[in-house]
Each structure stands twice: as structure tokens, then as C-alpha cells.
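Both complexes shown next keep chain A, but they swap its partner, so chain B is in the first and chain C is in the second.
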Partner chain A sequence: MNIVVCLKQIPDLQQIRIKDRRPLLEGAPLIFGDMDKSALEEAVRIKEKAKGTKVTALAMGGAKLKDGIKEALAIGADEAVLLMDPPFAGSDTMGTARALAKAIEKLGEHDLILCGEGSTDNYSGQVGPRLAELLDLPQITYVRELEIEGNKLKAVRNMEESFEVVETELPALVTVADEINQPRLASLRDILKAARKPVQEWTAADLGLSEDEVGAKGSAIETVSNLAPEQERKQVVFKGDLDEVTENLINALTKEGVLGR
Partner chain B sequence: MAEILVFSEKDDLAFELVSKGRELGAALNVGVAAALLGEGAGARSDEYFAYGADRVYVAHHPALAHFHAEAFAEALYQIAQKNDAQVLLLASTKRGKELSPRVAQKLGAGCVTDATAVEVQDGNLLVSRYALGGNTVASEFIKTPHKVIAVMPKTFELGAKEARQGEVVTVDLDLKEPRTRIVERREKAGEAVNLEEAEVLVCIGRGLEKKQDLGIIEELARALGAEIGCTKTLCSDYQWLSEDRLVGLSGKKTSPGLVISVGISGQIQYTVGIRGARIAVAINKDGQAPIFALSDYGIVGDLYQVVPKLVEALRAA
Partner chain C sequence: MEFRLTAEQELWKNTVREFAERELEPIARKIDEEWERIPDEIIRKMADLGIFGVTIPEEYGGMAMPGEEMQYAVITIHELARGELSMSLPVYTLLCIGWPLLLVPYGTKEAKEEILPKVASGEWFLGINTTEPGGGSDLANIVTVGRSDGDKWIVNGEKAYISGVREATERGGGHLTLFKTDPTKGYKGTTFAYFPADAPGTTYTTYRDMGRMGLSTGGFVYKNVEIPKKYILGEENKGFYVNMEGFNVARALVSAACLGGAEKCLEISREYTKQRVLFGRPLVNFEAISFEIADDYAQLELLKLMLQKGAWMIDQFYQDRSSFTKEEINRTISICKAHAPMLAVEIAKHGMMYHGASGYTKDTPLEMALRGFMSYVVGAEGGYHIQKIIIARDYIGEEAVPYRGTQKAH
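Presenting the complex of A and B:
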């Protein structure tokens, strides 16, 4: 069985600072999103159960991807394909899905495509379903439990009101929720071993894509602004005598009309 | 004629979109239609008209008996193509959110999911959504001729119902049987905590010293008729509360009338989750804590003294 896991590097959100409403991304290290890591972990678990399974890690990104992908290989991907080329820069979800689809077709036979249900930064959840459409595959999203036997796939989806159990036949595209598993940490030995695993780098031209089909040029979205929202709070602080401050607070909240249902 | 096409598997959410669609349609000089798909579709056509739809497309087809993104995306695609719908407005429920990009891909369209605002600017639609994990709000134009927008539930006010007539168009669709099958639905155990819909919220953070002390927070919540939320440390690291009570970046984004943050310093990972609150209150012993700058009212003091006193005063009031 051939599994392709799609991964995206994002800035570590815990380390983003805001200055004058603008996000400062320069200092923030790039990491794989939580749900992407869960998708990779799930692929490796399937491989450990079904002998002869190959896991390919597929990612699009900048120069830092070369280093970052080592983590995916150490965790258990057998090989990696990196879409690293200046024309890819600034791709939106449509351009990204287009490039990933071409790469998956170039890889040849595939039985299962695994993605996170969304990236941890923008969480638009678009790449998985777009990819499924481009590859003409059934899509099963928000998966918290996954079972594969032969070419049968059974998944439990976490929906708003219930858990939905769904079946399909492979090939299929699955997006996972982060509760599906607890991703392992790579040991030092795994990291050293991973250095020998094959990593290919493909350009837009390798995929037969023109510069208008990917990157900022091929983007369907024009971002006008991306700023921290302005927050205007009254910032009234009560200090001092306990009876007084609680009374002050209750009076203020009563006046605001937010007390008493 | 170009038109705005609305769809949600939940009629009540579709009505919000129809109400807004009417306003956007008036500015763009196009009509508003809604797609009603699957079992029992069309039963509430009159309500769609009352909220502002000019027409509804009703499709019955075996492939639409249950919600499968693959079949529903193809159905919406065919309806949009046949009727020259340029803008698709969907509700960003989990189903709407997996459906939108798939139908967008069929249309060669740009798509924005989890939209928190949509307005007409220079004859185009400017769409807002949270980005970078809630740190920022991105405002975006969709450049493709077709545009697909999935809007967060309850973003738009439900308009007033009016006595209006509309056109019911029964559509024939060419659909394949979906390749996925639903074999079982398991109800979620226990009473679901719905922080997103809570009117009053009491959130607790690291200031609480031990799990046993949750009692005083529960007392406060009871006195206020509030739900209890918490920071990531309390549910993920300490596991004092379940993860569905997590407020913030990796949890719920709430919009209560009142939120009281108790023993929470006010890091962005938490405050993203209370940005939508109308009135924010903080109780913290550190007067320098960032939470006070993000609150309307604050009490500087030890929560172990302030909270019981507040409960007492609320009960007396």
C-alpha cells in the first residue's frame, strides 16, 4: 500500500509577537502543524501493521523545509518529496492543492492520501477537499479513528452532534483531527537513520505547472490586510477594600445589563 | 442572470445567509437563490422566500439522501453552472466547511472558509476571517469569477420575515452514487458543553492552586448562571477539566455577554477565545497582568478572597 502524507510548515504560533497590530513572524521557528503531525503518525501506525506499506511525506515550502522534513523521516516516513521552487511562493489553497495533486500523480500508484483537517495557523481546511476533487477521490474529513483492512477503509468522524462511522474503498483521501493519536517523538537514533532516506526536490516545471498556475500569480485570493484586531476595552480597575471592590463590580455589571438572566 | 446561491444543510443557518445575501445582492444588483437538497428538501421553501430568497432550487436524488461532500458538491456545482450563480454563500459548519472547497475546486473558484464578515467594496466582496491562529484578522478579495464563501454560523443577523412570494424550481441533477457510506451514528456521551453559546462564562487559569479548589469557581458560575471555561494549562497539562472547556487558540472562540477571567494572566493563546465577549472582567492578584488591559472591569486581588466575596454579594443582590 502507498500512503502519501501532506505536510505544511507553519510559524510556531506560541512565538509570534504582535507589534502595532502587525504580526512579527521573523523570529518564529517553522514547525509542522499539530494535525499534520497526527496525519503522519497515523500513516506510520498503518505501516507498522500492514507490511509492505510505503509512506511518502509530501510538502511544499521554502528553504527551511529541507531541514524540517528530517523530523517526518525520523518519525517513520520512508521517503520525502519537497516542492521547493520560487514560483510556488505565495500559493493559496488552490495553487497548493494543484501542485500537491500533480506531485501525487507523478509519484504514481497511491491508495491513501492523509492530511490534517486544517493547518494550525489558518485552519481553512481547504487543501484536503480540493485535493480530493483534483484526484477524483472520495473524501473523509474530521477523522478520529481509522481502520484499514485490505482495500476497505472505516473511519469515525467527529461531527458537531455525533460521531459518524463511514466506510469506503481505497483509494481515498482522509483528513484527521488531532485527537486521532498522540504523535511520537523521534529518537536521536531515528534522526541519524533518517539522514539516509531519499529526499527529492521537484520544481513547478517538473510538475508541468506554469508560473501562472501556482504561487502568488496563480492565487485566487488577494489579501488586503492581515492585522491584529483592535480591541477597545474600558480597563476600569478596582483595588482596595474587598467589600467595596465587589460592590463596585456588581454595580458596573448591573449597569451594563449583563447580570441577572 | 448572475445570482447569489445560498446553501446550508441546516435551514436556520441558511436563513441567516439569505438575509445577508439579500443585502449583498441589492448592492451588487443580483438576485438571491437557495439550493434545497435531499430528503424532505423544499418543505420550508416559504420561509426561504420570507427571509428574502427570490427562488429556490429543489433537488431530490438518491445520491443526496444523506450528506456526502462529494455528491453535495457536484449538486451545487451543477445548480450554480445552470443558473449562472457567481457567488456561493454557505454556512461554515463542519459539513459546510468540507463542502465549500470541493465545490470551489469544481468551479475553479477561490474560497474563504470560517468568514466572520462579508461586505461589498468596489463592487467586489471583501471577506474577513481569523488568521495565524487567531492572532490576526485577514481581509481578502476573491479574484476568480466564481466566489465561494463559508460563513461562521451566527455571523449575520436573521432578517425580519416578510410576506413574499418566490419561485420554486425543481432541478434534475446528474449525480453518481457517493463512494462513501454512513454505517452508524454514535451519539456523543454526556452533556455537551457548549461554550460558544453561553451567555455568561467564568474562565479559570493557573491562579487556581489545586483541583479541589474548583469548588469556589463552580459556586461563582452557579451564582451567575455561567458555564465554566479554562486555559490550556488546566485542561491539557493538569487535566482538571475536560478539553471541551478549553477557551482560546486551540479551543473555543466564545462570544458571551459577560466573561469573567479568574487567575488568568492574559496570554494571546487564551485571549483570542474571549475577544468576542461584550463585557470582559478580570480577577487577578497581579495588577500588572496583561489581562487587565484586555478587560472592561478588573479587580486586583487574591481570587481565594475575591471570588467567595463576589458569590456572597451576588446572592444578596
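Presenting the complex of A and C:
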């Protein structure tokens, strides 16, 4: 079985500073988002069960991807394809999906495409579904459990208020929620081995894409501003009898969803 | 000149950091106060990650990156210390990963095949055993004696203030031990060898330490203990040199533990003083606080850089012994070992003061860190003052060496 996992490097949200409501992205280390790592972990788990499975990590990004991709290779991808080319810069979700689709077609036969349900920075959640459309594959989103038997794929989707169990045949595209697994930490042995795994770099021209189809030029979306949300504290104070205010506090916290989840 | 970590080193650093945050931070207080030991489960997880194999070659069950062993070891200990501020687990680990660096070049094949795979798998503890009740810095005058008897020594004597006496006895493993094989000579009559903790005739006692309660400190008593000669490192009566060479490795890793712990304490202080509002402004808005944090940060970065250089020098040395002299390595590492524990104590103390009264409680890990750090000011492969003797001996010259007796001015 051939699995392709799509990954995106994003700024480490823990290390971003906010100044005048604007996130300062420069200098923040780049990491793979949690859901992307869950997608990769799921692929590696499938590989560990089904002998002969090959996992390819596919990512589009800047120069730091060259080092960053080693994490995916250490966690268990067998090889990587990097889409690193100036024309790709500034791609919106459509341009990104176009580039990824071309790359997946160029890779050849594939049975399963795995993505995070969204990236932890912009969280549009669009690249997976768009990619499925371009590749004309069945898509299953928000997956919290995944099972593959032969040519059949069974998934449990998290619809927030309910779970939905769906089945399809391979090939298919699945986007995963981070609850699907706890991604492993790569061992030293795997980290050192990762350096020897094959990594290819493809340009827009390699994929037969013109500059109008990807990057800022091919983008239908213009980012007007990027501001941190302002969170005002509610500052609710309960006064009175201790037992009573304790109960009021518990009720209020439960209502906010802080307790009793 | 290259100041960046390699991509693999960076990835390993992030891996150990995440492990420390996920697995160690939540249990550090329990290691220090409740269990007074490191849980087997944690040691197993560390072994799975490859932590105990960073300095051990693949042929002996490890996964060392040849030529970068010390750099990986320093990264590992720094990150573990950030997560386990009592210093118990970082020190347990630094002993286990430090001393193989000496066993590999100086041990016999037989000993290496027996010991190293068990250390790499986390099963065995490996420590260092030189100090005696009479003292630790004056090693020429140790009195533990091994009498040669065919292919073994019969050892009698006593060791004191040894880390991991209980761990080696309970888990398995032992200590690299300095002892006299020619009692008529000073340090030129000493031999360095691995002593299994379970060798018959060996008993141990433990002390009540001030800090890092998760790792035992104690003494060994040897009564007619048979130690096979296959456990020797280097040559008979030349053990002092091998031991001293090993101290550079251990001092570098102790420095890494102190700097990792100090870095975490400083971050705790930075976040607290940004959030704590007093007199209508964040505490850190007072320059008495922000300047001190800036100074501590500067000192920390200076020492991290020095240690990075020292680790790199040791790695160069084991690849090519003509790359650096031992003296060059000695002074670089002694600068780190003299100042890293002191700085760590200062940073923890400053943090306690920013926290006010709560800084003196066990609500923050700062007091626990301070107790742990003190261990490395006082001792551990040469205390603060011994490091100064080494630096002075090198920078000033023979006139500054007190242990050579009365010196004449030149």
C-alpha cells in the first residue's frame, strides 16, 4: 500500500509574541502542526500493521523545510517530497491543493492520502477536501478512528455532537482530528537513520504548473489583516454564603464548559 | 566556525525537551519527596527513546553518532534537567552516559561487551567511585587497596559520597573505581577499574542529602572483594590519568545539568514577573528585577556557549588525540564546572526572591532546584575551589599550585 501524508510547517504557536494585536512570526521556530503529526503517526501505525506499506511525506514550504522534514522521516516516513520553489510562496488553499495534487499524481499509484483536518495556524480546513476533489477521490474528514482491511476503509468521524461511522474503498483521502492518536517521539536511532532516507525537491515547473496557478499570483484569497483575538476576562464575582457561592461557581464553570466535559 | 546545532541535534533536543515536559515535569516533586527514587517505568521510556545510548557505539547496543557523542550527551542532559529540577534524574543519567565515553577507549573488549549493552538498555547503572572518607579532591592519598592475585585483585577499603550506591546494587551495574595497586606510590600507584556493585564482600550505606533525593548518595565498604582484571581501564598503576580524563566528561555533563536547570528557573522567573502586578505594574517593570534577569540570562548564554565549545573539543579529542591537549580541555571544562553550578544557585535564589514569600514554599520548584544545584557547587568531580585550582594552574602557572608543597617564586 502507498500512503502519502501531507504536512505543513507552521510557526510554533507557543513561541509567538503578540505586539499591538499582531503576531510576530519572524524568528518563531517552524514545526509541523499537531494534526499533521497525527496524520503521519496514523500512516506509520498502518505501515507497522500492513507489511510492504510505503509512507511518503509531502510538504510545501520554504528553505527550513529541508531540515524540518527530517522529523517526519524520523517518525517513520520512508521518503519525502518537498515542494520548494519561489513561485509556490503565498499560495492560498487552492494553490496549495493544486500543487499537492500534481505532486501526488507525479508520485504515481497511491491508496491513501492522509492530511490533518486543518493546520494549527490558519485552520481553514480546506486543503484536504480541495485535494480530494482535484484527485477525484472519496474524502472522509474529521476522522478520530481509522481501520483498514484489504481494500476497505472504515472511519469514525467526530461530528462534535455525534460520531459517524463511514466506509469507503481505497483509494481515498482522510483528514484526521488530533484525538486520533498521540504522535510518538522519534528515538535517537530513528533520528540518525532519517538522514539517509531519500528526499526529493520538486519545483512548479517539475509539476507542470504555471506561475498563475500557484503562489500569490494564483491566489484568489487576499489576506487583509492577521490579528490576535482579544480576550476580555469576564470578572464575575460571587459573594455570600460559602456553600452557596461554591455551588454558583461550579454551575457557572460548568456552563462555560470548563468543568464536567 | 559553526555555532548551529545540526538538524539531527536540533531534532534530538526537541524530542528530549518534549519528553521532559510530558513525562518528567509532572513527577519531579514526587521523585524528590515522595518516592525518593526514579521510577523504573521512566527509565524504560528513556531507554526506548535512546537516551542511555547517546555515547555508546552501535556494536555495544548504543546509537552514538560517531564524533558527536559529547555534543549529544550535553544536549540530552540539558533538556532532561529542564524537566526534572530536583536534579536526581539528570545526574543518574549523566553518570550512565558519561562514563561509557571512557570505557569505550580504555576498557577491555570483554568488559565492554558485558557492561555497555546493559547500560544502553537502561537496565544497569554506571557510576564513578573515587572519593574516600578521607576526602575526594586529594586522590593521590586514597587508601583503598587491591592486591594482585592472578587474574584478579583482592580489594579492601572504603569509598564515600558516591552517587548511585543503592541504584547500582538494586538495579545492577557498578562503578568505575580508583584504588591503589602500589600503596608505596601516590597517584602513580593507582588503578582504575569497573567494580560490580554485587561483588561479594561489598556493602553500602546511604546518607541523608540536602537535595536531589531521587538518587542515593552513600559509601561502599570492601572486604576481600574479588575484582577480575578484565575490568581494568587503561593500565595498572596508570589509573589516575584515565580517571582524570573522565572527570572532564563528567564535569561537562554536570555543567549541562546545571545550565539546563538554570535556564528553566530563569524562564519561570521571567513568566512570573511579567504576570505578577505590584504597585500598579508588572514586577519585571522594576529595573532591579529586569536588570538582574538580563544579567543572569547573559551569564547563562556565555556559559552555554563555553560548554558547547568544551563538548565539541572533547569530541574532537576522541577522534584525533592531537587536535587538543588535555590542558586545553581541562581549562575549558573547569571554567564551565566552576561557574555553571554557582550561576544555577544564583538564578534559583533570585527566582525565589521575585516570588516573595511563596518562593520559600514548595509551591514553586525553585527551592528544590536550589537544593539540587548546591550538590554541584560543593562537589561532584571536583567542587568550586578545585576548578579554580585547575584554571589557576593553567593560566598562572606552577606558582599557583598548592598541592605541590611550598613553592618558590620564579
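One rule holds for everything that comes next: the second predicted complex is superposed on the first by the 227 of 261 C-alpha atoms of A that agree within 3 Å, B and C clash if a C-alpha of one lies under 4 Å from a C-alpha of the other, contacts with A are read in each partner's own complex, and residues count from 1 in each chain.
What we mean here is this: a contact is a pair of C-beta atoms (placed from the backbone, for glycine too) under 8 Å apart; a residue touches a chain by one contact, two chains touch by 3 or more.
Quantities reported herein were computed from a predicted structural model and do not represent experimental measurements.
When the two structures are aligned on the shared chain, A:Gly76 is found in touch with neither chain B nor chain C.
Contacts of A:Gly116 after superposition: neither chain B nor chain C is touched.
By the document's definition of touching, of the two partners only chain C reaches A:Ala195; chain B does not. Once the two complexes are laid over each other on the shared chain, residue contacts for A:Asp67 go to chain C alone; chain B is not touched. After overlaying the two complexes on the shared chain, residue contacts for A:Gly95 are found with neither chain B nor chain C.
Look at A:Ser187: by the touch rule set out above, it reaches chain C but stays clear of chain B.
Between chain B and chain C, B contacts the larger number of chain A residues. Chain B makes touch with chain A in their complex at residues 69-70, 73, 93-95, 97-102, 104-106, 109-114, 126, 129, 131-133, 135-144, 178-188, 199-200, 224-225, 249-250, 257-258, 268-269, 275, 278-281, 287, 292-301, 305-306, 309-310, 313-314, 317.
On chain A, the positions that touch chain B within their shared complex are 11, 13-14, 16, 18, 23, 34, 92-94, 97, 120-130, 132-134, 138-142, 154, 156, 159-169, 172, 219-229, 231, 233-239, 242-243, 245-247, 249-250, 252-254, 256, 258-259, 261. For chain C in complex with chain A, the residues that touch the partner chain are 7-8, 10-12, 14-15, 18-19, 48-51, 53-54, 63, 65, 72. Of all residues in chain A, those touching chain C in their complex are 66-67, 70-71, 74, 185-189, 191-192, 194-195.
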